[in-house]
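In what comes next, chain A is part of two complexes: it sits with chain B in the first one and with chain C in the second one.
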Partner chain A sequence: MDRRKIEENIFKGLMNASMLIILASLVFILVTIIVRGLPAMNLAMITQTPKGGYYLGKEGGILNAIVGSLYLAGGATLLAILISLPVVLYLNIYSKKGSRLVAFTRFSFDVLWGVPSIVYGAFGFTIMLFFGLRASLLGGIIAVALLVLPIMSRAMDEVIRMVPQELLESSYALGATRLQTAFKVVTRQALPGILTAVLIAFGRGIGDAASVIFTAGFTDYIPYSLLRPAATLPLAIFFQLGTPFPEVQERAYASALILTVIILIISIVSRILITRFTKHIVK
Partner chain B sequence: MEFKTHIRVRNVNVFYGKEQALKNVSVDIPDRRITAIIGPSGCGKTTLLKSFNRLIDTTDGVRVSGEISVDGENILDPKVEVTHIRKKMGLLSQKPYPLPMSIYDNVAYGPRIHGIKDKKRLDEIVERYLRQSSLWEEVRDRLRTPASRLSVGQQQRLCLARGLAVEPEIILGDEPTSALDPSSSQRIEQRFLELKNQYTIVIVTHILRQARRLADYVIFLYLGELIEHGTAEAIFENPKEQMTREYIKGIIS
Partner chain C sequence: MQTKRLLKDRIASKLMLLLTVSSGLIVFVMAFGLYQRSRPILAIKPLSELLFSTSWHPLRGEFGFFPFIMGTLWVTGVAVAIAIPLCLLTAIYLSEYAHRWVREWTKPLIDLLAGIPSVVYGVWGVLIIVPLIKDYVAPFCGTFSSGYSVLAGGVVLAIMVFPIIIHVSVEVFRSVPYEVREASLALGATKWQTVKHVVMRKALPGVIAAIVLGLSRAFGETMAVLMVAGNVAKVPSSILDPAYPLPALIANNYGEMLSVPLYDSALLLSSLALLLVVLFFNIISRVILIRVERSIQ
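== the complex of A and B ==
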């Protein structure tokens, strides 16, 4: 066989193997949590908070962690949007291209992206101590917002960079200010990408355990105030897995299943939203 | 032919970093006429055009000196509000860029950002300018559909309507037909000929035949220098400069 054809085949094999590894990991994880979690799954899991002795195998559910996680990831995502959007709009619309500040900001995002989430937790905890705050939903929201901020900003930055300069010029030529152009034209054109960025950040935020362990704490109750501690699904999984009781460990897998389903639902809903918003995009 | 000056250009120099794109250009652009800026690629045609509405400001590392007066106001004065200048001028770019919104919202975009909110007035504006750019009949039933679904030729007429809707005095065209098929190009040219009674039109073109068909006044640039300017007749029939003669004959390009 001709040498180039061999190269081609080797590379094809490599690609197929890589695809297989990715798909198999997903399938294997899903199968594990379904097989081990499904027996423990019942209505009480998602409608009740833990009753006394829940972690010993008695009655109750993890509604506290479901609601806590949704509040926490939702709040953190919102907070991160409020910071990300102005930054990326500045980087792409207001700043001079190729200035040092721009390069340095992008570099900071890359570094922050790589910081382990436990460090954000510890950092958030230090700030909380400084302000005399106890472990609370607010503390958790701040720590998770810091964690997802670089991920969201970098993802938004990539899509906003793709908006053609001529489109901006069309808007300027009509007498629009930069701010009007940013919000009426750029965010619209980049909306699907922005939504994807938000989604990635939300998924990362809702699944993280280390950043909330000190900052949000854990509780058996549904948080009714920003200043109360909040339970989260990843920590609920961690605590349940850590017990010596097989039936409680099963519930950990059921909790993982719930977390996965939440992420799945959010992904599907946002895909639907994205297709609705893409109709105006200029190619 | 006697002209009234609308845009007065005096000693304009433009630098991109160290490179000089325009060298001491001075010229008067006549009111309510079509002026064509011709010359080979990279001669500074677009730079000159973009200086008029200060879109050139958005290029990094650009320096502009000299004076450009529109209605007696020096628009290169840093104190001048750019949005105010740009409102006076509609721009058609080489490739049409509709905004990512519906046909209606594209035309209403300009009036809206300048403060018109009344629904009835916006409806009137949208219809009037879509008619003026001869797009109304084709889109009247689908004003709410995305502008990106129009053909390129329709998009360029939409961009014209969008530009006219801010009620400018001047229309700038940067090779406005270069992305269009012949019949779409012809429609745009017809619009220009109709509009020149009300607007001052300046177009950049590298198509000499187009300049001949449209222009009343012609500016010939070569490597950033203004070689010759004058009425279309003078430039095309009796050019004074050797270089203009050679360019028109197609010897240099």
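== the complex of A and C ==
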């Protein structure tokens, strides 16, 4: 056989192998978390807060961390929407095509997207020192909002860019202002994409640990005010795994399973949203 | 009525402009804020001592970052060495060889891999990779290792950077115009020769950008590395030694840093350093990618 053909086949084999390795590692991770997490799962885990001595193996659950994470990621997502939706609408509707400001803002989101979450945490910490805040739900929300802002904005920008120019023009032709066009036409047209962007940001927010380690603190109680510290799911996993007691470590696996299931649900819901909403889009 | 509408539009326009400009400035504010907080230690210690001293004793006021810098470099290096061949081969397969349906099916799976929280990667590393290294890899190499090592950190990080490298390089490969491939095939080259000599050459800058993006992601990743790398403040001498990367150092000491003088300043200095390095990498690769995009249009 031709040497060129042999080389081609060798590399084809290598490509198939690497593809398999990468997909297998995904399956391996999910299966490991399910197999080790399920036996330690019980109802108390998701319905109770830690009782005294929980981290020594006594009774309780991680409801505090589940609720804390939902509050934190929810708050951060809301804050990030308030900033990124206007910014993205400005970039696509108000500003001139190809202006420097547009290029600069897009570039800076791209760069921010690569900033590690621990740096957001450290920066959030300096903001808190500046305002004299202590580790609290609010501090965590600010740090996580900064973290998800570039993710959300880039995703929204991509869908809003796709809205056909003709649609804008017909709205202007009817006498609508840019503001009316932005919120009544463009946002509605791009809604599925915007919702997906929001869900992606929420998923990132709920799974991130490094940005909340300084800013949100940790507590055994469910936070009832923005100024109270809040427990988060990733940190609960980390702390439980760090104890020397096997039964508490088992609970860390169960908590990791809970977090993974939440992430899976978010990604499935966002896929369903896309297919359901795209039906109503004017093409 | 008419004027109210226009007034609203004008006010909204100004507000949106303000938000846009300020979100564009976040990077600078972050760098400035961290710099302000790290000035106390920069004023006392020369930069060379901070960067190259191996003595880390915060209580005695000695802050040598060298072991942590080396730890970061080792772990990132191993991760990138594992990720590059696997990701490039997969990206080539997905863009050049795979059927459309394979591409459509793998994309959500790779997105899913990107969505798994780093702490879950950490748990997986502790459950699978660490024991594997302790019980099989280290005895096979004739040494002892607790399993919490550079290698464990590298393997977990490699999997974490798969999605970004694959995603960006598939896009780069697919942006190479189809005519270029056809010209090569028409000359009698095989598909692999076309990929190797034509597509790769055209896509090289973009592929480098993809790798640099993956590298900077690995560089700043905290939680998973913190859980599997061992955290011993010593310069590692082999991939089976434990390492203590910078992000892990920052995350691990948040509790005590306000009670030791200069400690918080030292840790915020290291986050500033992380930020600057990552910014540098990101700016370079984004500029390359923008050029690639322009050269195609």
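We adopt the following convention: the second predicted complex is superposed on the first by the 247 of 283 C-alpha atoms of A that agree within 3 Å, B and C clash if a C-alpha of one lies under 4 Å from a C-alpha of the other, contacts with A are read in each partner's own complex, and residues count from 1 in each chain.
The rule we apply is simple: contacts are C-beta pairs under 8 Å (C-beta built on N, C-alpha and C of every residue); 3 or more make two chains touch, one makes a residue touch a chain.
This structure is a prediction, so every number in the text was calculated from the model and none was measured.
Peer 1: In the three-chain superposition, say which chain, chain B or chain C, touches more residues of chain A.
Peer 2: After superposing on chain A, more of chain A is contacted by C.
Peer 1: Touching A:R3 in the superposition: chain B (first), chain C (second), both, neither?
Peer 2: Touch status of A:R3: no partner.
Peer 1: Let me test your reading of the model: by the given contact rule, A:K184 touches which partner, first (chain B), second (chain C), both or neither?
Peer 2: A:K184 contacts chain B only, not chain C.
Peer 1: Return first, second, both or neither, reflecting whether A:P164 touches chain B, chain C, both chains, or no partner chain.
Peer 2: first
Peer 1: Go through the superposed model and pick first if A:F238 touches only chain B, second if only chain C, both, or neither.
Peer 2: second
Peer 1: Kindly classify A:A173 by the partners it touches after superposition: chain B alone (first), chain C alone (second), both, or neither?
Peer 2: first
Peer 1: Taking the superposition as given, does A:R100 touch the first partner, chain B, the second, chain C, both, or neither?
Peer 2: neither
Peer 1: Taking the contacts chain A makes with chain B in one complex and with chain C in the other, which residues are shared?
Peer 2: 177, 180
Peer 1: For the complex, give me every residue of chain A touching chain C.
Peer 2: By the definition above, chain A touches chain C via 4-5, 7-8, 11-12, 14-19, 21-23, 25-26, 28-29, 32-33, 36, 83-84, 86-87, 89-91, 94-95, 101, 104-105, 107-119, 121-123, 125-127, 129-130, 146, 149, 153, 177-180, 200, 203-204, 206-210, 213-214, 234, 237-238, 241, 252-253, 256, 259-260, 263-264, 266-267, 271.
Peer 1: Given the complex with chain A, which residues does chain B contribute to the contact?
Peer 2: Touching chain A from chain B are residues 53, 55, 58, 60, 82-84, 86-87, 89-91, 93, 95, 97-102, 109-110, 113-114, 146-148, 159, 162-163, 166.
Peer 1: Which bits of chain C are touching chain A when the two form their complex?
Peer 2: Those in contact with chain A are residues 5-6, 8-9, 12-13, 15-17, 19-21, 23-27, 30, 33-34, 36-37, 85-87, 89-90, 92-94, 97, 106, 108-113, 115-124, 126-128, 159, 162, 166, 190-193, 213, 216-217, 219-223, 226-227, 247, 250-251, 254, 267-268, 271, 274-275, 278-279, 281-283, 286, 290.
Peer 1: Touching residues of chain A toward chain B in the complex: what are they?
Peer 2: Interface residues on the chain A side: 96-98, 164-177, 180, 184-185, 188-189, 279-283.
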